[in-house]
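By written order: A, B, C, D, E, F, G, H, I and J. Residues from 1 in each chain.
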């Protein structure tokens, strides 16, 4: 059983049990629903308790439960620019704003990067009369290049 | 003169005049420093007033000033995953969280996308005793797939 | 069961029941036959009613019916330029006319894009003594770049 | 002088003379502004009269005028999916609707393709209270596969 | 059952029945053996009669027979330059002579293309004392670019 | 001076002297106009006499003349499938008929290839009331795989 | 059964019967062990006798035996530069020495190529006190470009 | 001045002085003409004496002479499979025989590689009544994987 | 059974037996845990004793045990830059420091390479009050380019 | 002036002044010669003092000196696997050992990565009677994935 097969199984259980990702995430644990959902898509690990709850809710077997606690080989998309329009828009932001992010972040913080590991994120609905908006807030530790 | 050559010229003037992107953005106009910086990197257009101020500050010629007001062919990065570590971390977020964003946003909003056009963004420094953090807030209009 | 497997099943049922896409689309619902066909190819979702009718017509099981109502990971083609000649001709139009579309649309509307989400389309046969023609009409909302 | 250099020259003249593509197209000739603009981007050829008018309007030299009448090596975009958001949306349409177009066109017409050569197109503004729309109408001759 | 699987089945039957492509093509119909062979490789469609004969000869089931009459998604090769030496040599001809073909055909015919749809082809053995030669004759309708 | 620069020079002289490739080929020598044109596009070499005539006709300097006699690094197209429609159609033929050519040629000749080196070709206009056709005749020596 | 599946079967039999490629090649026939091994990897064909011996030794069924006599679609490696270090070193030789080979071979032989079809090869161990060496001798017929 | 520019200069001098690579290699030094030619193509370095002789023969300046003694960034070909037919045939050999070389060399020598660094090579003409042959002899030290 | 399938089996046994790679490596043999782990990921071979111990510990069958002793086709990652963040960081080091490594190693050692075959490596935890560090020590034999 | 042009200038000055990278690094500052060399290759920044010393030693102008203090767009290699053998060997290590590094580091440290930013490195010569070795010691802070 590969991690991709486990993701397919989880999607199947979610479908036939008519659950939402939020319901599953709430049932599983205390972490952000983003982290939990990412784990169910094979991009993060769950700890033992969380995996046990996930296994119970989604009727997973023992090996499947253990696999959820393992660190995955990350990368949720096929090679090349993503073809799905929702995901592509984020890729487009990197294409269009990449050099701007680099210029402004490094001007403010000096040479280094924003960590994608010591990192958290929120997704919210922002009511707006012209059409509701998706609000995404990201926060990553700034890591300066070490001078040695 | 291509837009890439104009970007090189602007970087050269910024360098020898010892300006920061924030100083330039403040001098140019009322829009977000992100939009203004992106325009100077050839990813957004300036309006006539803004371009005139930019031209004065950066000693640009007439054609250069006009070029700043044209809509550019966007895309600030070479083909393939970006090699620069700061920019790559954003690409990595798309790789790791892409399917999660899709699942959670579409679960909340229905079928559609977050616009990368009707979109705004802020970059802030978040003081943190364990090391300051980069905070990025994005907000894009949700666009539902039209049913026709 | 992946969405690709469901598409194969649908094609098999269509084949052995000797149905056309138009017949299937007519039986399923009120939306454009283009949208319905795209849904059966795993590129759009059906609503519950439509999926129920599709399931009845094509003898799909419960999980298959539910899968038809989920938002798919879009992208109907293998990576790289499409090898099928009919589809390639559209890709060629993008190659040849891409910069022209950009120049004329943005000259008329200002900086922004034609939405591929708030979008509809028709395909018609245009009788012509020199050989009938395929007429495709597309209409997408113009989305101006937000200035923030 | 390559065709790309000529395109840059034409863009420079357009910029400093403050012309629009429509004005240039109207001045040059009777063909669709789309064809004329495509020719100025190096994707179509002009006939001798049209090239002469273009040369006069844009102050092009003799060789430049002749080059406008030559059949170009077509392809207006760098390799890979286009990074410019406006042009990418059309590429996305091919990705999402490619198999649907194939299914519906070939169901209606039999085996063959829609010509991208015996082809014409119009771009119009469609007024709409919810936001104006871009309307594109394409018409290409259907070419059946020859049975030999 | 995908078209690729059907091609594998056909190859298996051909192998165990010890048939040649020419024998199969002769048994199936009146079209060129090239067209018939291409259909068996999933690149062309057979009409109902031809498919019935193919099904009888190759012991194919009902769905397989029907699949042979459907218009395939064309493209018989993996992505990238073909690795098989016989097929690569044709790719090499395009690499080496592509610009020459373009120059000479368009000089003779004006702006347009040689159709790959209204197209026929023959393959013959040409006896030659220095070693027999493969003679390929192609004929495609010239399609002029429409001026609109 | 690279071979690409020489090709640009030759195209410039052809343009301003208003010559056709056929006229140039006829003036240069006895070989097929295809070979001569290919040489002027940097894909074949000319012998000393031919190069001298080409240099006289096109007003090339000494080094340019010598360069025409050198064996070029072949490959007349940018990487990836060709974007020019005329040349792409040939690439499409390889995509669609590649496996068929392999099957039929090797069935007739045994294991080996059709040489693209010991190879000749003709391009002719074929008058046809439904629209003239491009006829291409290729002949390449069959080279059997050596058994050792 | 595909050729890749047959190669896996052959590797499995070789493994459980604890044979070497040389032993298999010796048992199969008179050709070079390189050709025979290449055939077992799906890159060459065996004649009927050889295939019969291979089938006996490796306990292959009838269809497998027949498949060994068919001309394969050649290409033994995944796309892109080979990742296996032993095979990569040969690819590196092409990268580093490619232009040198071209210069020296064509200086000696004129315009043409070294055939990879009318070609043979030997691999030998060369004892050397500093560490044994792999000696590879290749010989391919020189094929001059035909002038037509 | 880049190494590529130096290679162009060397080719220009060779052309106008009507030298062959062998003559240049003989004049420069004692190493194999392959190594010397590879150095002139920017793939190997020359020692000081050799570079001095090369500079004298080819009328190179001081910096050019020094550049010849530097270790180059190797890789003489554009990315992707080589388009030049002579060089492609070697790439094809890697494609077709790669897995065979690996199997036979590692069966004879154990786990490891043939060095492409501690490596030498010869190119010879092999007279043959059926057409002369190119004989290439390569010898590389076998390097066993270190067990640690 | 392919090597990839064997790797999946090994991961499954490790998971259900709740072993660590270090425990497995210790049980298997005397070599470095890096080499042993790499072998279990299909990148190195085990000798007969080691494979027997691995088979016993992980309950592998006879063919699986034999497969562990065979030299694998190396390359543990999908094509393109690795998407997993931990592995990507090493790829990034090659991108950023590649030219520096080349300059400093070749300045110290002359022209040649650091062997990746006659090579060993250690991974250690380095305690650090600011956060523990990963320490990797690599040592590869320097191989000078042979002058011949 | 781009950073690539500055790197070429620095290499030219180093060449004509006959300096080594170590001599330059020693003259410039207190940081590791690796960091300084990387800065001169456009991969790191120098501080003002270091840049002033570099400018004096290498006779750089004012703008060049300032450019050395700017944060570069990192990535020192063309796209695709590196063709230079020395650099490729490091890429090969990532290919072969990537999954092993991931398994062993994450087994020891938990889920996270080794930083390539809070990172240092040393390159040393290791005398060895069988041939000297290159010893590279890397140390990067372990960054655990944040749980939020």
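The definition used in the following text is that contacts are C-beta pairs under 8 Å (C-beta built on N, C-alpha and C of every residue); 3 or more make two chains touch, one makes a residue touch a chain.
Every value quoted in this text rests on a predicted model; they were computed, and no experiment measured them.
K.L.:
Moving only from a chain to one it touches, give the least number of moves from subunit C to subunit F.
P.N.:
Between subunit C and subunit F, the shortest chain-hopping route counts 1.
K.L.:
By the contact definition above, name the pair with the higher C-beta contact count: F-G or A-C.
P.N.:
Result of the comparison of F-G and A-C: F-G.
K.L.:
Would you mind pulling out the distance in Å between where the CA atoms of subunit D average out and where those of subunit E do?
P.N.:
From the centre of subunit D to the centre of subunit E is 32 Å.
K.L.:
So, what's the distance in Å between the C-alpha centres of subunit G and subunit E?
P.N.:
Distance between chain centres: 29 Å.
K.L.:
Subunit A to subunit H: how many Å between their CA centres?
P.N.:
About 49 Å separates the centre of subunit A from that of subunit H.
K.L.:
Multi-chain contacts only, two chains or more: what residues does subunit H have there?
P.N.:
73-75, 77, 79-80, 82-85, 92, 95-96, 99, 102, 106, 112-113, 115-117, 119, 121, 143 - these are the residues of subunit H that touch more than one other chain.
K.L.:
State which pairs of chains touch, listing all of them.
P.N.:
Pairs flagged as touching, ordered by label: A-B, A-C, A-D, A-I, A-J, B-C, B-D, B-I, B-J, C-D, C-E, C-F, D-E, D-F, E-F, E-G, E-H, F-G, F-H, G-H, G-I, G-J, H-I, H-J, I-J.
K.L.:
Residue numbers of subunit A touching subunit B in their complex, please.
P.N.:
Interface residues on subunit A, with respect to subunit B: 20-22, 33-34, 37-38, 41, 43, 74-77, 82, 84-87, 89-109, 112-116, 119, 121, 123, 125-126, 128, 130-143.
K.L.:
Write out the stretch or stretches of subunit B touching subunit J in their complex.
P.N.:
Residues in contact with subunit J: 8, 12, 15-16, 18, 78-80, 82-85.
K.L.:
State the interface residues of subunit I toward subunit B in the complex, per the touch definition above.
P.N.:
80-81, 83, 85, 88, 92, 95-96
K.L.:
Show me the residue ranges of subunit H that touch subunit J in the complex, using the header's touch definition.
P.N.:
1-2, 62-63, 66-67, 70, 73-75, 77, 79, 116-117
K.L.:
List the residues on subunit A that touch subunit J in their complex, please.
P.N.:
Result: residues 31-32, 35, 44-45, 71, 73, 99, 102, 106, 111-113, 115, 117-121, 143-148 of subunit A touch subunit J.
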